[in-house]
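Going in written order, the chains are labelled A, B and C, and every chain counts its residues from 1.
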Amino acid sequence: MAKIEIENVYKIFGDNPEAALARAMAGEGKDEIHSDTGHTVGLHDITLSMEESKTFVVMGLSGSGKSTLIRHINRLIEPTAGRIVVDGVDVLTLNDADLRQFRRTKMAMVFQRFGLFPHRTVIHNVAYGLEMQGVEKRHRQDKAAEWIETVGLAGYENSYPSQLSGGMQQRVGLARALCGDPEVLLMDEAFSALDPLIRSGMQDQLIELQEKLHKTIVFITHDLDEALKLGDKIAILKDGRLSQVGKPEEILLEPADDYVAAFVRDVNRARVLTVDVVMRPPSLRLTTENIDAALREMQGHRDDFGYVFDGDDFRGVITERHLRRAATTNGNSSVYDLADDSQTVTADSVLEEALPTILQSDTPVAVVNNDGEFRGVVSKRELIRVLTEHREEPDEAAQEPKRTGP
Amino acid sequence: MADSNWLIEFPALSRDTLRLLQRSIDETFREFSRSYGQALEDFFEPLLWFMIWFERLLLNAPWWLVIAVIASCAYLASRNWKMTIGVIAAFLAIGIFGMWEDTMRTVSIITVCTLLAIVIGIPIGVMMARYDRAQATITPVLDVMQTMPSFVYLIPVVMLLGIGRVPGVIAVIIYAIPPVIRLTNLGIRLVDKDVLEAANAFGADFKQRLFGVQIPLAMPNIMAGVNQTIMMSLAMVVIASMIGVKGLGQPVLKAITNQYFSMGLFNGLAIVAIAIVFDRVSQAYGHRIQKHRQVGH
Amino acid sequence: MRMSITAMAGAAVLALANIQPAAAADCGRVTIADMNWASAEFAAYIDKIILETGYGCEVELVPGDTMPTSTSMMEKSEPDIAPELWINAARTALDRAVAEGRLIYAAEILKDGGVEGWWIPEYLAAEHPEIKTVEDALKRKDLFKNPEDPDRGAFYGCPAGWNCQLTTANLFRAYKGEEMGFELIDPGSAAGLDGSISKAYERKQPWIGYYWAPTWILGKYPMVKLDFAVPHDKEHWNSCTALAECDNPKMNSWPKSEVYTVVTPRFAKSSPEGMAYLKKRGWSNKVANEVLAYMSDNQYTGEDGARYFLEKYPELWKNWVSADVAAKVKKAL
């Protein structure tokens, strides 16, 4: 079951949202409703499902409604219509006291402009969540000190936020969010205000932490590279409507509309896509130790190379030329020993890292997982196709993202 | 002939109508005073006893003890030896020039006025910051309180409560409370929305937001308001003495009526000295609690 | 009575001789000092109305105050009439001017004179008929309870800086106010003193303190003057009671302030009829208080006060003028 379910959420800003809601539900456009009623449609029929322990990224430009959306999850903003269910509980049914309890224990938030308390020292900022939970003082100070250590700010416990740089301040923000041990981490453009270099460092730190913590993270960003880097799943929001929801490679390789296509066009795919995205099953699996049997099998096939397996065990790649030479010089050799297993790439490495290996190899390179198990192969041609796809077919429509409404 | 007069002369209400109006307003007020005056007096009685008790405390305590207490307050607030010595010098000078008793009375009434202004003003300011409607209603009332000549409300206050300390304090507070209300409201409204949202997101309730975030962050503004309130109370002391408030105002008033130049000057300077002491100490305190604002990185 | 007969006779003669226009022409232009306090103000307007409508004078009011007006009258014969002059303020100079024929005293406009003293409200006097003198009152600190110190009585003194502050304080000592358990309260200002009276009156509370007449306060809130039990001792007054340094004040009482209408000989000569009127015109403090209270209640000017007086007290002012003049004034109202 999903951790967070957002169901048919509408948000309309204005004095009389109900009237405008009916029009929005009837399918009228945002501009039309605005010029007629003065109401702004912030979110239009959003339905999303966020898995436990995954990072869900909501991406969109400013005004797309992404910051509004994340504030619906902890009900800092109330929807005009729809349901928000966290752990099976409809958040909208909570009374004030329950809502506070929910915010104190279930989730924590990291803000674009940090939102630190300027009158509290770092340690008191970090301990704020525990303070709200009513944790006794000594205990929360200890816990806060641990987290300050974890984010690399040891020694700054008694500094005030104004004494820290932006990156350090956001580390405090992150520590503050994590210190209360929330199940859900809401990150609203958490790294957008930081310098590129520091931002990248923070992203790495978040990935590293997530590997240990397995929180459910909802991450808002306007930066597609960041979305692709962090997200297990990405939702693209435009003018308050969902354009596409999918895994990073789905977004990248199968953009649902022109808007998304225009977005992904300038992405450096080599840095974003991982090997497993372009990986295919091997065209020829050789499971025999015998050279002649292997040659026979290869001759009945269009390719002049094959991938050698000893049972489930991958032994390497071998070419027809190699086999023939071995047959003439040393007919008794085992195919298993002849196979070359020096050239492999790991499934979750990005293409950029795998690129040299793949390009230098004459045959498609075998892909293995972290435990060395064979997963598939990746060919030069496939690689080039994926990396250059969007340049081959310049699409006029994609130059200018069009409105996706009716 | 009379018909076109309104073009030249302002078509004012007739004298009889105006007279009727004034009479009915006066009569209504008198009626109110008859019906509720005693109840109001009873209501303010605890305040009266507190003021009398506090004034006696200051008057009966040995002068060196009073100076010692004031000086230590000044030091605790400012952590500044120079300022503390200045405070001691000012009060010694006041004593030497024979104005100790009147000064003690004035310090007592100013202290009570300031405490009351804070106790009443800050909650009102908080309410104004929380509800726009409260702000819309209260702001014009504050404008009236600040601009209405004080003599105008001195008369009804005296009719309700007689002359003496309580009406004096009320008159002073009416005049001096607007800054603390306005600046509390402003200070809280100026608190960074992001910070407040962060408190909300972590499940802070109204009290935790108010006392943990809004008031601490609004403190520089609130302190500026308190400071102005003290200054305005001191300015009002002379006027309050016109309804029988004892203190430095009375000799000043006497000096005005009789053109006793030096008497007016001495007592006026004593008021100035108290003002400077209160002003510097409260400002130093305001700065000190805002340490985190001054440091950069 | 003799006066009124003479006046009527004079009026009859004038009527028979039909020299009315001549008399009016004789009166000519008259200036009256319009003092800057309320009782003098309405007096000036009463004179203006009667002299204009009854005697055909052409009256101009000029602003005035005790010292400047009396000096100007003595030195320059301008203005012609000072309806309400408190002569204590300039007695020596005035007496000399009268002796030298530069000024003439007309009627004593305030028959009771200007009165200062210590008063209690009328309702309290009715309730406590035993309180007649200052000493009676000072025995009752329980009655005149001080709200800020219930063990003591409250005595509302004269505002700081006024002359009466000295006299009140000295008399308060002479009558042992402090020993009797009273606190002499400085009301700070006339407004404070008035406020304390109106507050007490509206709620029918006891009140004791200094005040003076004629004033609107005493018209609106009638009070009874307490008897000091001793006559005015002028010598002790001047040597002690009225001074700041008065080591051993004795019991004493305020003198009555004499308040006269003062006229220049020029006017007396040019308008003997008008002069005859001014020699009779005057009223009690009770009437003055009443008119002042009416003015104050309605926030009226001296002119309104004068008209109110002329309408309210015809039996009073008709004695000052001939029937003929009275008719003319009445018609003009």
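Just so we're on the same page, a contact is a pair of C-beta atoms (placed from the backbone, for glycine too) under 8 Å apart; a residue touches a chain by one contact, two chains touch by 3 or more.
Computed from a predicted model, the values in this text were never measured in an experiment.
Visitor: Draw the chains as dots and join the ones that touch; what shape do you get: line, ring, star, complete or other?
Guide: It is a line, because the chains touch in a row without closing up.
Visitor: Identify the chain pair joined by the greatest number of C-beta pairs in contact.
Guide: Here the largest contact count links B-C.
Visitor: Would you mind pulling out the distance in Å between where the CA atoms of chain A average out and where those of chain C do?
Guide: 98
Visitor: Indicate the whole-number Å distance between the mean C-alpha point of chain B and the mean C-alpha point of chain C.
Guide: 41
Visitor: Any idea how many Å lie between the Cα centroids of chain A and chain B?
Guide: Centre-to-centre distance between chain A and chain B: 59 Å.
Visitor: Can you list the residues on chain B that touch chain A in the complex?
Guide: 192, 194-195, 197-205, 208, 213, 216-217, 291-293, 295-297
Visitor: So in the complex, which bits of chain B are touching chain C?
Guide: Touch residues, chain B against chain C: 19, 22-23, 26, 30, 33-34, 37-38, 41, 48, 52, 151, 154-155, 158-165, 241-246, 249-251, 253-258.
Visitor: Looking at the complex, which residues from chain A come into contact with chain B?
Guide: So the residues of chain A touching chain B come out as 74, 76, 99-105, 108-109, 111, 113-119, 128-129, 132-133, 160-165, 180, 186.
Visitor: Looking at the complex, which residues from chain C come into contact with chain B?
Guide: Chain C residues touching chain B: 147-149, 156, 159-162, 185-189, 191-193, 195-196, 198-200, 202-203, 297-299.
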